[in-house]
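Note that the chains are named A, B, C and D in the order they appear, and that numbering of residues resets to 1 at the start of each chain.
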Amino acid sequence: MVRQDAAGCVAAYTGVRAASVALAAPLTPEDCQVQSMPDASPVKWHLAHVTWFFETFVLERFEDRFAPFDPAYRELFNSYYQSVGAQSPRPQRGLILRPTLAEVLAYRSQVDERMATLLAERGDDAGLAALATLGLHHEQQHQELILTDIQHALSLHRGRAPYARSRQAAARSAERMRWFGHDGGLVEHGHEAVLDGGFCFDNEAPRHRVWLEPFEIASRPVNNGEYAAFIDDGGYDQPCWWLAMGWDWVRAGQHRAPLYWRRDGARWRTHSLHGEVDLDPLAPVCHLSYFEADAFARWAGARLPTEAEWEKAARAAGGSEAGHFADSDDFLPWPSPAPTNGAPVQMFGDVWEWTASAYLPYPRFRPVPGAVGEYNGKFMCNQFVLRGGSCATPCGHVRASYRNFFPPEAQWQFSGLRLARDA
Amino acid sequence: MVRQDAAGCVAAYTGVRAASVALAAPLTPEDCQVQSMPDASPVKWHLAHVTWFFETFVLERFEDRFAPFDPAYRELFNSYYQSVGAQSPRPQRGLILRPTLAEVLAYRSQVDERMATLLAERGDDAGLAALATLGLHHEQQHQELILTDIQHALSLHRGRAPYARSRQAAARSAERMRWFGHDGGLVEHGHEAVLDGGFCFDNEAPRHRVWLEPFEIASRPVNNGEYAAFIDDGGYDQPCWWLAMGWDWVRAGQHRAPLYWRRDGARWRTHSLHGEVDLDPLAPVCHLSYFEADAFARWAGARLPTEAEWEKAARAAGGSEAGHFADSDDFLPWPSPAPTNGAPVQMFGDVWEWTASAYLPYPRFRPVPGAVGEYNGKFMCNQFVLRGGSCATPCGHVRASYRNFFPPEAQWQFSGLRLARDA
Amino acid sequence: MVRQDAAGCVAAYTGVRAASVALAAPLTPEDCQVQSMPDASPVKWHLAHVTWFFETFVLERFEDRFAPFDPAYRELFNSYYQSVGAQSPRPQRGLILRPTLAEVLAYRSQVDERMATLLAERGDDAGLAALATLGLHHEQQHQELILTDIQHALSLHRGRAPYARSRQAAARSAERMRWFGHDGGLVEHGHEAVLDGGFCFDNEAPRHRVWLEPFEIASRPVNNGEYAAFIDDGGYDQPCWWLAMGWDWVRAGQHRAPLYWRRDGARWRTHSLHGEVDLDPLAPVCHLSYFEADAFARWAGARLPTEAEWEKAARAAGGSEAGHFADSDDFLPWPSPAPTNGAPVQMFGDVWEWTASAYLPYPRFRPVPGAVGEYNGKFMCNQFVLRGGSCATPCGHVRASYRNFFPPEAQWQFSGLRLARDA
Amino acid sequence: MVRQDAAGCVAAYTGVRAASVALAAPLTPEDCQVQSMPDASPVKWHLAHVTWFFETFVLERFEDRFAPFDPAYRELFNSYYQSVGAQSPRPQRGLILRPTLAEVLAYRSQVDERMATLLAERGDDAGLAALATLGLHHEQQHQELILTDIQHALSLHRGRAPYARSRQAAARSAERMRWFGHDGGLVEHGHEAVLDGGFCFDNEAPRHRVWLEPFEIASRPVNNGEYAAFIDDGGYDQPCWWLAMGWDWVRAGQHRAPLYWRRDGARWRTHSLHGEVDLDPLAPVCHLSYFEADAFARWAGARLPTEAEWEKAARAAGGSEAGHFADSDDFLPWPSPAPTNGAPVQMFGDVWEWTASAYLPYPRFRPVPGAVGEYNGKFMCNQFVLRGGSCATPCGHVRASYRNFFPPEAQWQFSGLRLARDA
């Protein structure tokens, strides 16, 4: 929305907003209601919350004669913004029966009309444009969560109830993993906001210098076949590969494989948005916790890359255009293609890649002022950074400097890994 | 269904079954999906489970060429019958997304057709008739649970979302509580099955002798005004009125009033199936735990009646015909009328009455053979008996010997109390 | 202490008090400090609490110029008397480091001196005598708890750390179980206080009439060999024998045998106060939960007796004089002898016997006035009655009307069972 | 022990070992038994575990004809070394009654004799010397934990039970906080092992380069008076100062002040190893969680230093010789003196200083081979680094590169903070 005319603004807004509703189209009202675990949210809640974001942070500030669609929503659909006020308890989002799904869709329509009017009239207001843009990127994040959360909810019925039916054929290639070296040295890290003015979240800035030792990074993500070899080698039985907290997690949760995997005789099956499917040994392994990614890397004699290493490699490998994202409507990582032009593949899309970096502020980081300053900064504790986007990420959403973050035990995102090692 | 012709059988069956669907009519699919606490079940689950009961215990045994509607339902909708096999975890009934509500209604229709055929053909089979009758009484129990469970689910949105709108005017009378004496002695207790052959659950039999000391029982249930006086007197602040376990419950749950009560200035409001309403001081107090009923009685210088005392008084007071049950479509206890013909009022309907009796087997109790023997007997531990039915109980469902039972902390049933004392 | 002269009073007092200290003699200060689970208490705490009982309920009321030994003890060693004031949290009794064991013993000495003076001067005061007597019976209860609690604490080190070394030889007899019939009818139940004036707890009174159906009771408790046969028959794998709550308990706790049992090849070993020993197949089975006792009885085609049945049988079988109690210094149930004079054996001593009766007030039960009224009555919820005393009970402490009570999951007492059946 | 002759080795060993026993001298056997929370361990356990370390990692490998003191200790006193085998459950260390304290002291004596013999004979073996040295530094860490853990255990009895009585007078100075600037740039970070060969833990290495932006660091730690101002300003009521996880921690734990603080009218009191004392407003604030340190810094318009910033500042400020450590026998932070020679004060001793750095491996970090490789590396997850040592740290134990680490909620260490800010 930055540097667009009013019509472009409205079109961008309309496109992102419509995509959310389209994601809910295959679902019943019951599907949109449930919350299968505290970490996940109901689809209905996602649809309402992203609308609340526009109403609360844009309309309330910029609209003349602002009046809320429903005053009760201020608390019901506030996720975690303490500056805005109270929030309904996160683990009980699935108990919010009023509004119904139909009422939430009506809420969306009304807010969309008001936003369209506002953007047409005042889209050249820089503050408005910035917040509206933030709202769209925010909504795209929730589009990915809609997919990961409904996949989890449907996993109870793994044999039935696919969310999506059609599958797109993907190129296949049984390429061995190769290593690409980097010299290290003093590198620039973080979003190059000054250079091109493109959007980024506050946590990607400011750009700053980091000293790197020489390192090597793998040509592609670790795949299912390689991860299955770790399992077959007793990976989940040997504490030597695991962080202490990871080993406790393995035992307490009786974990024996990534989330959604089920052994069926000699083969592995996995629950997906297409229902249960055979695991493709050549596709990137997915639905790993940080603990699993870290343990695999140690078993493989390697390690996870730091986020600075990852970002440097990603910039060298080119942009995100070629990535496999959610617009494919596939929602399963694709087998790795062969590297071309001497650079790693699949840095963008397919699976988020756990890094070895704790999610912490960059030097001289400042949250944006106001309530939206709670967006990112206050979560910088006990989480790890993931990079690159996944097959459930909206196309165009990520970039080389994009920092996703989850606690080390989270598995339900499309999370995998790429190996690195000291040169 | 006992001693009916085939047409009568089918009509009885059809009537009870239709009543369940009618209860769900005001609800959205989302409403039918949620489980607001582990003790409650989703409406969709209730609708499916009672159908499962007929399919599993009647059709599977008596139908020629039996084939299940869906083999997965055997586990999904098994409540607690170990003899039948595994059960889906009780606290996660709200996560069962497949079948959808529409599919559950189709399941009901198919089973109803098969049952109608079977009853028309073989309704004179005593074993079939007994199990079908049990199934109907079972379904009536779940009809009450549908009401109590959806009331709880909607309580999060107390100001909105009424389940029912129309209210029936009820007679009012500010009668003071009076006492009716009984001589005690050796009394017959339990269902008089031998005499009239009417239906009873196995836990109401066998009829046996109990020695009673002389006692007095109150003319009517304790009402909201009386209970509010207990609160105003610091009832929830003084451990002397409470069982030790009850006092722990008060403090752990920060209980200050019955479930659903909310103080609004000088008056009390309560959540109900009509939304939030003023509490009627002359109506029986409702949604009490055993702990609260017992504490109130002690504060009032009285006690709860034993179930033998209650049953003796109820038989003296006449049958259940005059009671206020769910067919009134009101679902709120009505103010107590004046006693007529020298007997207590409201022994039946309005509110279940906690008794001082632990739920234990009667002497020489034998569960019925087969899986349905798990219906009642195995729950005879750490529960207390309630008597008389409520305004959410289907008309015709209860009788003097009927034993309901809940753990002492349960509040979400329509549970109140009647006082007793030693003569 | 009732109907004794002052010297007799002091002697009785001194004897009971000295016995508590003697029980702690084999233990180190560390042993006396630990609390191995919330249900158990440290020995040091027991020694202080029983002293607190005399100081708070006797000295504070009757002593001239009463001054507490230490004002902090009022809260530290108050178990559950709300009328007295706050209590230190039960699960953290093991964290009470001050006073030390030496200081607690000094506390005992000082209170003993004051009590001796008081009893010598005013032992003929009926109120004083009643409370002092209650205090001694209270202390005897804690003497048993000292043994059961330290046995549990030492069970972590089952191969080592015996509490007691010497063992007394016991007669052996491989008597088969026989049945003794009773006619039932209207019986007197509860303590015959009016007749002989002997001490009883308030929960044993008032004596009242109960109607019994004809029944039979087993000649002796179920023994280890019989219980092992239940295990070998898959008793812990078959839900049909268990109450629903019991089956949940089996699975949640992964119970496969009574507490302290350990399979060692073909034989069973058990932890005891003598360290680990072979289980004697002819000795009464011990350390059962109510769930286990109830399940065994169902498997055996019998049931548990009600407490009224048990009491009637116990009165017929003679008094408690012949029982095997804690004065034997053995603390392991002895093999059952042959019945003599046509009556059941081991009704008293060896193992507490779970009954089918919930722990509830007798008709017209009244707690004693004052704070000591909290002794028994407020626990009448979700517990079951046990009868007869055990090999850890002080000699002379129990009687036919004595009601012990524990929640159904409790295993760490010396709890077994005797079968009954309908005649 | 590095580069010492045999006599020096034995002397060093003997000195450290004797210091542990001396720390337990003021305690009763009961004191040494208890575990007041899962994070803490009993003093008896500490005394045994550090001995187990020498027996398992030194004697077992180097002693001829090695035989364990007691084979059961291998599991009982193994803290977390999976390579060595099973461990007794951490939260139940307080239940280990055997061995007794006396037996543990005998264990220590025997191992000390064997170690002295071994060191005298083979002290020039580099591998042996390295492991023995590691064992002594390990024991010093547990000496600090003995103090922090017993302080916590005694905090239940805050008014009584001091561990230590004598207090040493400390200089006072009401110096305002000043700022010292640093230019940033590429700095060397981590232990300079190559240069001087002194001991360090594996997590302090390898030395590597880090790019720093210009920053300023405070002249002294934040003191109690300043922290009290944060409280008085509503610091614990305003979510804006807190990390999201920190705010949840505040509410869930109802935190209103640092651990051990108690408001007494207008003043603050704190529990200490001297019993309860007045808080000195000029002494460094202590017993803060990371959440509290981070929130205070944000409130103060500053931030925590990174560990690289801290280390650079510490090296500039001089060594640890002047620090206030445990050898003062005071165990309370001393008021900050005025800065001399233009450098920050109290970088070493008094209080551990929380840094903004997650505890992660340095580039090219390699754990040491063998079981002792589990010492540090496997804990690099969800913890933050603290620097500088405290008044409970043994003198000579810390250095500029020393990395301590605790989860962000830990309060019971002597943990405070020093502010930093961007230049």
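Methods note: contacts are C-beta pairs under 8 Å (C-beta built on N, C-alpha and C of every residue); 3 or more make two chains touch, one makes a residue touch a chain.
Since the structure is predicted, the reported quantities are computational estimates derived from the model, not experimental observations.
J.: Suppose you hop from chain A to any chain it touches, then on again the same way; how many hops at least until you reach chain C?
T.: 2
J.: Show me the overlap between the contact partners of chain B and those of chain C.
T.: none
J.: Using mean Cα positions as chain centres, tell me which chain lies farthest from chain B.
T.: D
J.: Could you put a whole-Å number on the gap between the CA centroids of chain A and chain D?
T.: 38
J.: Between chain C and chain D, what distance separates the C-alpha centroids? Give it in angstrom.
T.: The answer is 47 Å.
J.: Where the CA atoms of chain B average out and where those of chain D average out, how many Å apart are those spots?
T.: Each chain reduced to its C-alpha mean, chain B and chain D end up 60 Å apart.
J.: Which positions in chain D are in touch with at least two other chains?
T.: none
J.: What residues of chain B sit close enough to touch chain A in their complex?
T.: Residues of chain B touching chain A: 28-34, 36, 44, 72, 92, 94-98, 100-101, 153-154, 156-157, 160-161.
J.: What does chain C use to touch chain B in their complex?
T.: These residues of chain C touch chain B: 80, 82-83, 186, 208-211, 213, 239-240, 242-247, 290, 356-358, 360-361, 363-364, 374, 378-382, 408, 422.
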